[in-house]
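What follows is one structure encoded as structure tokens, with my remarks underneath.
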Amino acid sequence: MLKKDLAAPRPPMGWNSWDCYGASVNEEQLLGNAAYMAEHLKAFGWEYVVCDIQWFEPTANSNDYHPFADLCMDAYSRLVPAPNRFPRGFRPISDEIHAMGLKFGIHILRGIPRQAVHRNTPILGSSRTAREIAHPYSICSWNTDMYGVDPQKDGAQAYYDSLFQLYASWGVDFVKVDDIAVTEFRPDNPYSAKEELELIRRAIDRCGREMVLSLSPGPARTQDAFHLSQNANMWRMTGDFWDHWDKLYAMFEKCEQWNPYRAAGCWPDCDMLPLGRLCKNARYAGAKDRPTNFTRAEQRTMLTLWSIFRSPLMLGGELRDNTPWDLQLITNDDVLSLNRASTENRQLLRTRSEALWTCKDAQGHTTLALFNLSDEKRTVSVELTPYGFETEYRTLDLWTKGTDRIANGVLTAEVDAHDCLLLRLD
Amino acid sequence: MLKKDLAAPRPPMGWNSWDCYGASVNEEQLLGNAAYMAEHLKAFGWEYVVCDIQWFEPTANSNDYHPFADLCMDAYSRLVPAPNRFPRGFRPISDEIHAMGLKFGIHILRGIPRQAVHRNTPILGSSRTAREIAHPYSICSWNTDMYGVDPQKDGAQAYYDSLFQLYASWGVDFVKVDDIAVTEFRPDNPYSAKEELELIRRAIDRCGREMVLSLSPGPARTQDAFHLSQNANMWRMTGDFWDHWDKLYAMFEKCEQWNPYRAAGCWPDCDMLPLGRLCKNARYAGAKDRPTNFTRAEQRTMLTLWSIFRSPLMLGGELRDNTPWDLQLITNDDVLSLNRASTENRQLLRTRSEALWTCKDAQGHTTLALFNLSDEKRTVSVELTPYGFETEYRTLDLWTKGTDRIANGVLTAEVDAHDCLLLRLD
Amino acid sequence: MLKKDLAAPRPPMGWNSWDCYGASVNEEQLLGNAAYMAEHLKAFGWEYVVCDIQWFEPTANSNDYHPFADLCMDAYSRLVPAPNRFPRGFRPISDEIHAMGLKFGIHILRGIPRQAVHRNTPILGSSRTAREIAHPYSICSWNTDMYGVDPQKDGAQAYYDSLFQLYASWGVDFVKVDDIAVTEFRPDNPYSAKEELELIRRAIDRCGREMVLSLSPGPARTQDAFHLSQNANMWRMTGDFWDHWDKLYAMFEKCEQWNPYRAAGCWPDCDMLPLGRLCKNARYAGAKDRPTNFTRAEQRTMLTLWSIFRSPLMLGGELRDNTPWDLQLITNDDVLSLNRASTENRQLLRTRSEALWTCKDAQGHTTLALFNLSDEKRTVSVELTPYGFETEYRTLDLWTKGTDRIANGVLTAEVDAHDCLLLRLD
Amino acid sequence: MLKKDLAAPRPPMGWNSWDCYGASVNEEQLLGNAAYMAEHLKAFGWEYVVCDIQWFEPTANSNDYHPFADLCMDAYSRLVPAPNRFPRGFRPISDEIHAMGLKFGIHILRGIPRQAVHRNTPILGSSRTAREIAHPYSICSWNTDMYGVDPQKDGAQAYYDSLFQLYASWGVDFVKVDDIAVTEFRPDNPYSAKEELELIRRAIDRCGREMVLSLSPGPARTQDAFHLSQNANMWRMTGDFWDHWDKLYAMFEKCEQWNPYRAAGCWPDCDMLPLGRLCKNARYAGAKDRPTNFTRAEQRTMLTLWSIFRSPLMLGGELRDNTPWDLQLITNDDVLSLNRASTENRQLLRTRSEALWTCKDAQGHTTLALFNLSDEKRTVSVELTPYGFETEYRTLDLWTKGTDRIANGVLTAEVDAHDCLLLRLD
């Protein structure tokens, strides 16, 4: 176990501003969601409040990026919070969040601002300038703010060191770095920013403050898992996840592939939970300020998979708009405790129409999750004995709290379309 | 743990005829190597004697394949041993090997003989014929003997069932199936024989005899690891391995990538050990009947990696030609016991010039393998504390039996080019 | 101009059995269509009667191929007509067709029968056998009859020489060779049969009879055009063409790309004309024994493009089922004369919704074809002066025989969806 | 023939500064080479003097590009000549070149300066700004000066119109546009700047001055030939050409593929002629200020191929350093007249070791070029009759002026390695 793993001994749980506020979140929204979390969610393990992309852009007003927008930057080529959105900067926000017993996270983009490069501004702690450390062809394929940093250049490490010193001074506990787990500027090498990641790792280790390092976007590749595990705490297994069944369905294959790579401090990431009220300031998936598209069955299936796989859990909706149903869904301690502390998590079976996972909970009880991946309600029946199970069990469903029995080594149940059972066995 | 895993609770160890006899091994050579193994190697865990490809071809006389050669086949489209090479068939060979306390393995190619298809011969246990179950476009890209079997066809399972019934009747304990972990006829899908593998799995499960299922060639893909683990006991991570440093060097990356997928009964395979006297009947790598190209340092490095990674171990040389040095190399019980029984095996570090692996041996001692991957003798120095180690240890080198100390949390040693240390820590 | 070009001084015109009889055409159908051609079409230049694939398979009964079907073969590994379908063989058919003033063509597949290889039958004029000249991995990806021939092997040329001697003895005037302009067994090299084509070219040159050499399937690549031109008389620019607008639409881009490569004796081929009554013995595109799906406008557009591009013209429907409208369409001498003898053919303009082609007819009149490629009737207007035209012309529509004027250098006309104008300018 | 074709009725001939001065040519060098051309070369058709890349960069001093270098720009986002290198600007240079009876050309990079975009400077003739018309992800992969222009944006055409108005005011006759025939930022679409090319075409047509439009770099694709022919006067068939035999050897295949696409005003381009004294200010191919690496035989072969293929001819060496041998090579009027005015140019034959081309010269004499592509002097013998030649000719070698005979339809000659014959037949 590496020292960096201590920052995330269990999968991080929290809230991220992207799904509801896109590129335009502000102080009131951050603190409002933090207060809700402190009051309703903290007891269940939820703790991070993460401000997503473009907090340095005064003109951000939706999910959209504005090509070549003017960004707020300090004298050392470092982006700083836009005063119209964060008039006090991040330190007071961080202090208030900490005072609530929670933790504070921010999003950054790999690299150095293009505007710094073209203005040729200084780097703190180095005689080199922005122009001298930028990689002129390493650009993000969906956002114009940055050039990548060339890790071979003198001054490159100093730049990243200066960034994380600043974030440490703000009280940041969690950094989501984007355009790094997959880059697109070299199509034959999606992991081309590997050495830039090492600069970031080193900068965090030196900054004097423990921070969780989260990498985006996906899909990260299993062939890079060792390097990811050595340098980051969590990384995305897919492109952006939203509330569509096909994306949830596809996550099962990803969890199958990445399951052996999970370890304390190293969490393959299923991405955010688009639950509750979404898209407050812009359209995504057809509508503005809308509830999740997921059915209740699908919401259970998502939380079950994310929990038994032990993915990080990041809520995406505006928490203050939660209905009672929304709230109970994310405060089921039996389910969440699997995410926090289960072991021996693994898939036993996956076909086009069903999947079966198992783990042991913190008390050593075997748990089974049976998913109906088909589009119809049906009776799902799985023989358990080939997997080394006994033939008789009493079962407790962690969602419904209903009890039942498994007999003759066969788990049989009627399951709704896209729904699941999550059973503790005795 | 699946039932099929019981066939290989530890990585299989043995000898395979390919590296010294290519496609032309005969009874005398099989039994001669078996006798050597029984006398000199059995006590260290070596147990399988495997007859590689083309045992059904009377004209085989070297490493080369003969396009469209006539093959020995029974009345049910099943290949049988060539009488000029195996006059008594396989059953007496198997009996003698078993009597020595060893186990018997054979190689097969996925599919049904092309000659069966063009003669349209019967399938045992089915009214279908060879022509009706063959997949007409699924051919091996390097051997002309077979067509793949179309898993959708009635009769396909019956054919494979009939094969493994025959092998069970021969007393076969280990089957190496070729042209299956990677196929080349559909370049966009190297795992196109996935469903044919399921037929084979089922046929073994039904045949009434426990058999290890080994898949070739590689490189298998990590994205297919779950399916491989569900169906086979070992599978190749690379193309054919031979005694060249570049292939050994490249194996480190493969071991890094596949390490999380290893489990009891599920062994990612580094391929055969080209040690001792090789190529008795044909040229490979420039010469016929030649010693291994590997230096002694490289031989140690190979055995160390294969052991701490827990790869299957299959000797490739003519055992009866072993020198005393060759013999001591493969009978170092301290080293082999790591292969047989260590836990928590994993890589800690890999750069272009060095690699560091660790595991716990069966007694719970931490073990470290430090590899000098560079082409020069040099002092290698690695800080251990970032990986959670203590600062002081006594060390025992499992190769030299020399003792030493680690101080201040740093492992420092002078290591020859391509050589390694394998240290038990106290 | 090479000698082989004399076999096809103008684009070949004729009828081919595939679109109506698939793999199962018989003597009566060949001769019946020949008789129709002699009576109704010959005067307009139609002359070839081509028997398509599987004439050597007794069991052929539709469009489908039968994997591993037994084929009729002579003592020298050469396929011969199936007696149940061609009881007299091809020579009497050829004689009757020649007596009608027409020409006779056949289809073959590149290679040597797999059944010859597995039976190891002789090659005429060589001491080598089928097994010795076959390329064991060069198979067609959609038909199981043949292995490719390995051009490096002694006996390979002798085999092809023997084939074309046989075809010459049958009185064959046209050979459509399949699985050759595009092969699929080496996906990185679709023109992998290039040297096999050279064997075929040489065999024709030596056989003592002039034959048109037509290559299938497509898409041939423009980068191979020189080699194609040196060896064949026509070659396909696309995969199989059928009566769907998307395929006709896509042909415009192919004609644009291949236009510079056309020369006397070297004809890029738009493929067969699916006109009249199709699919007499099997379903294609949803129905058996059905009229063409093309609208009358689309049929005009197809014939106009094929003519102004000077593609070979091969009718696909059962000619004896032609309606009067069908017949007049393919006997418009003004249109067909462009195919037979125009010059300076080229595209002037192509957008998503329209295309403009021009040529000079045999009398030196400038001709314009204006195509409405959009799905709606609309007024199409094109400025002609940028292309060096005059501003005033009288026009004669070669389809409607209507006359009109072009004024002010602009061609303006209302054109139906998918329809065209074909105008002779004065 | 389109109006734009009138700018280049024959392949352009001239001199370009790249091969000797890289990115750093200055006024003295341009005018010095112009004076040499006027005195020694003009009579043979040489006429263009082209200033290559980076004339707007004050710091340019070799072949190297300087990432993010500050560029000279006018108030409308247009790059202008660097005063330290061109103190009077381009107009006086152009005037002097015109006064010599020659023509003036410049190089530009597709797009708008990145510095204009980040400063957000105005566009002449539009209310839009640089930032609003730039395509933020369309960057050149080897030079940091520009962003591509987004053709969909209002202001994009105005920008290019303003550029060519400026160039017209400078008296520019020839524009070499770079990063356009092949772009690399979208690897699946190397012709992604197709619509930007249309903007440039329109801007030239509107600017009131005839200019040759030359496109770089290559390899352009034959599938795009129609669009290239509609919009440009010449385009590169390969990447940068330099004085290495492998590049010259490879050009034969390109000439074979592109030959049918040549037309008056539309010239596939073999690229510059690296002859005489090269690399005056920087190393390329191992040395600074060096003579061409090509042997004299290779120089003849290059000029022969470029001439019989009718490629544009652009000299690359410092003309004032020419030796008498260098000068006679590029003033052989018999050879150059083929470039200027021959017809029916085409390859007859190409193997690994030889190529044969033919054309008719302006007087209608058949000409043959026979190339020995092998690395050894040898007797090359080609049968001419298959290509429709007579059996007897008298021959005049256009390089040596020697006379000889062709007898029995066979051209036989001893040719040095990499050398050629260029024969006028009578």
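Which chain is which? They are A, B, C and D, in the order written, and residues in each are numbered from 1.
One rule holds in what follows: a residue touches a chain if its C-beta (ideal position, glycine included) is under 8 Å from a C-beta of that chain, and two chains touch if they have at least 3 such contacts.
No experiment lies behind these values; they were computed from the predicted model shown.
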{"item": "Chain whose Cα centroid lies at the greatest distance from that of chain A", "value": "C"}
{"item": "Interface sides of chain A and chain B: same vs different residues, half threshold", "value": "same"}
{"item": "Distance between the centres, which are taken as Cα means, of chain C and chain B, whole angstrom", "value": "53"}
{"item": "Distance from the mean Cα position of chain B to that of chain A, given in whole angstrom", "value": "40"}
{"item": "Between chain A and chain C, centroid-to-centroid distance (C-alpha), Å", "value": "58"}
{"item": "Shared-contact residues (touching 2 or more other chains) in chain A", "value": "none"}
{"item": "Pairwise chain contacts under the document criterion", "value": "A-B, A-D, B-C, C-D"}
{"item": "Touching residues on chain D, where the partner in the complex is chain C", "value": "1-3, 222-223, 225-226, 256-257, 259-261, 347, 350, 386-388"}
{"item": "Interfacial residue positions of chain A with respect to chain D in the complex", "value": "67-68, 114-115, 117-120, 131, 134, 136-137, 139, 141, 144, 187"}
